[in-house]
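Letters A, B and C name the chains as they come in the text, with residue numbers starting at 1 for each one.
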């Protein structure tokens, strides 16, 4: 399996007032295509920061981040945005849907950045909703959906531009056990059947069991890399 | 375009707030439309349709002091003067002293030459010249009171009684004149009677021609001709003051008051308040939508595009409010048309142009700060709730 | 109940700081309405005050019948004498009846403040006219001498028009006139120039008078006096109490300004109302959790609603006070002039009266009340449980 994500000597520091706080320290790792990785660690370990850097939401202080051969740490703001649109899908803990748009219109959002016609956009959005099992809910607004359904819509939105990489930040943090399992199973399916590479931050060990590989971080460094045999 | 739905959805996310802000905007622009219309009207009062092609010569003491008829040949002799007419204020009211109307006693054929803006069938001009008690009316005036050609028109003068002491004069309507274009049509609110009849039949003031109006042979000769006319009567008991017709009209309007100042002061107060209100609304809206804006950026929307979205939202908000307010103002403007002797609604294309300009400026001032904030928003900070 | 209201309101007002921007909207919005309203009506009241202060009930103004204004009126010499001979006038110091034939001439002057020239009234009066007007006092220079081309200028005219200061030369009809004095009278005549009647007649080529002012014994005598004049076949006149005449002249201007003030205030008031509603709804929404907590603790719905209403009205009142104060500071006693009924300028001062300020404050309270009512009701009706869970 070729490497999708290559990280070399990655460091990230934040400036808070007069202090410089180093969150990631000389991190190096490699994630092959089609992998499903869980990032775990105590609060302050830097897992969310690492996720943000992988997803192109932030720039590293030092080091390299290559996704599918492209050095995204060298991309500028607008170029990075364009790259994100085509290559990454995001799923957050709080679903961050636009409350005034229907599910279908929410899913369609990333496609507004492409040149697709309205008809094509609608078609793709509906397909994405089908994949997550909400084909009949397209016309509903977020407030008419349950928590689990909202998260599905968010996942559909993350899929609609057909990115290779899915980045998830505590996707089940706000859901009850049963719904959380459903969502995680969906993610698993996307990984095994659609070949999506998934990097997921979680503090829930049960959620981590759905992944193929678990990376542990502590104080900004990789301390463990475990293959999931489950 | 495709982003329209996004912008619209964002605007109406908080329905009550948006609606109330819109309503405030509607009120502000209703006021703007009406007040700016008044402003425009008073400013253009000086735009006498022919600009400086006519000179008004009045007594230096005041325009209410009538100049003698015997001055006519003198003025006609000035180089650059093509044709001269005179007009005496009649002090007209119709039926009740409250219904004051504008009427002048003139020489019909001279009027026709000096005011080519008035369009009337030749036959009617001839009838005017040959009928001693003839009177011609402007179209607007005729329409307002429903006067028709051929009817008798009793008119009172609050200055000039007839020889027999009666203040009631009776005239025959022999013609109705129109303006040569829309601008001129707006000014068709004046009545003209025959000077010869008037002078003979009035009890006092005989021989007083009123003010003289001279048509220039060349448009921009006004200053020189005015000076030459006045030079002829310096130090005499009938000193004259000549100026372009435009200046003369402007003077009149200026005397009513600094209308401009009052209107602009009110508009200033209104706009300052609206600025604050809309600014607050937009600032709040953006504050609340920070997570959403961050998400848009994660999806690949560039920093600039998010900024444009906010600006578009602001423009839409103000634009809709302004359009509704101006529409209302236009409707009310129709009602006020009669009072201002306007052809249509006093809220015309010129006022709309001003409104459009103000919308752009307002949208920029109100929208730029929150839009800039949206642009500079760091995804990771916003997502982390900082 | 009252305790609850007071404590909640106090809490709210203390937390106002965090909602400064929003609260400012109400204050400024209402300040705008009240400010504009006050300024416009101060203009109207000032104009009216000047005109209404003019004239007295026991002085009769005689004009030619149907002229309705001094400018339009013309009374020939014979009629003037007949009027003066009519019984009813109080005798003056010299024993002859106090009646002054007066001539109105319009003159043009440049404005000090604005561009262009203005029409100013030059009034020729007889000595009786001066004796009849004790309110008229020379405050600088001296009275004009009869027979000489001299004028005295009113205090207001002096400040508003150019070229009428003491000693200035004025040019009328080819001859020079001199300003020899300044007078005050506290009324519309202060916007005029005064000179000797006979001199004016000669200079302007007029044979009669514009009007005749007659001093009656008592105000009630006017009806009898009028009847006598009307019955005289030689005369064609109309008679009014001088005070009534000038008060009547305010009508057109007052109506216009009044209409303008009404329209502008109503529209701005509505705008301010919507702004107030906006602010208060937002305030309630922002404090949903707090309100619900208070309700859960045991505070009643009515005190909560009342506190919202009070907050709205307090902010509105602040706005009203601000607006009235600004209007007062900027405009009170500000001198302007406008076209009076006779095509001449009347100089007057803006008058921000206590009554006006009171009305302004009342308006702001009204807007605050209506603007706070709906949000207050909403606050009272908040379903406690959902509110506790919300933002």
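Basically, a contact is a pair of C-beta atoms (placed from the backbone, for glycine too) under 8 Å apart; a residue touches a chain by one contact, two chains touch by 3 or more.
These numbers come from a predicted model, not from an experiment.
Visitor: Going by CA means, which chain is nearest the middle of everything shown?
Guide: B
Visitor: Any chance you could check whether A-B or B-C wins on number of contacting C-beta pairs?
Guide: Looking at contacts between chains, B-C has the larger number.
Visitor: Which whole number of Å gives the spacing of the CA centres of subunit A and subunit C?
Guide: Here the centre of subunit C sits 71 Å away from the centre of subunit A.
Visitor: Centre to centre, by mean C-alpha position, how many angstrom separate subunit A and subunit B?
Guide: 63
Visitor: Quick one: subunit B and subunit C, Cα centre-to-centre, how many Å?
Guide: 26
Visitor: Can you tell me which residues of subunit C touch two or more of the remaining chains?
Guide: none
Visitor: Give every residue of subunit C touching subunit B within the complex, in rising order.
Guide: 21-22, 24-25, 28-29, 32, 35-36, 39, 65-69, 71-72, 74, 105-108, 111, 113-119, 171-175, 204-205, 236, 263-264, 267-268, 270-272, 274-275, 277-278, 281-282, 336-339, 343, 345
Visitor: Name, in rising order, each residue of subunit B that touches subunit C in their complex.
Guide: Subunit B reaches subunit C through residues 16-17, 20-21, 23-24, 27-28, 30-31, 34-35, 60-65, 91, 97, 156, 158-159, 161, 165, 167, 204, 234-239, 241, 250-251, 254-258, 265-266, 269-270, 272-274, 276-277, 280-281, 283-284.
Visitor: In their shared complex, at which residues does subunit A touch subunit B?
Guide: Interface residues on the subunit A side: 48-49, 52, 55, 57-58, 77-78, 81-86, 90, 92, 94, 96, 98-101, 105, 109-110, 112-113, 118, 157, 169.
Visitor: For a test of understanding, state which residues of subunit B touch subunit A in their complex under the given definition.
Guide: For subunit B paired with subunit A, touching residues are 2-3, 5-6, 9-10, 12-13, 291-292, 294-304, 378-380, 383-384.
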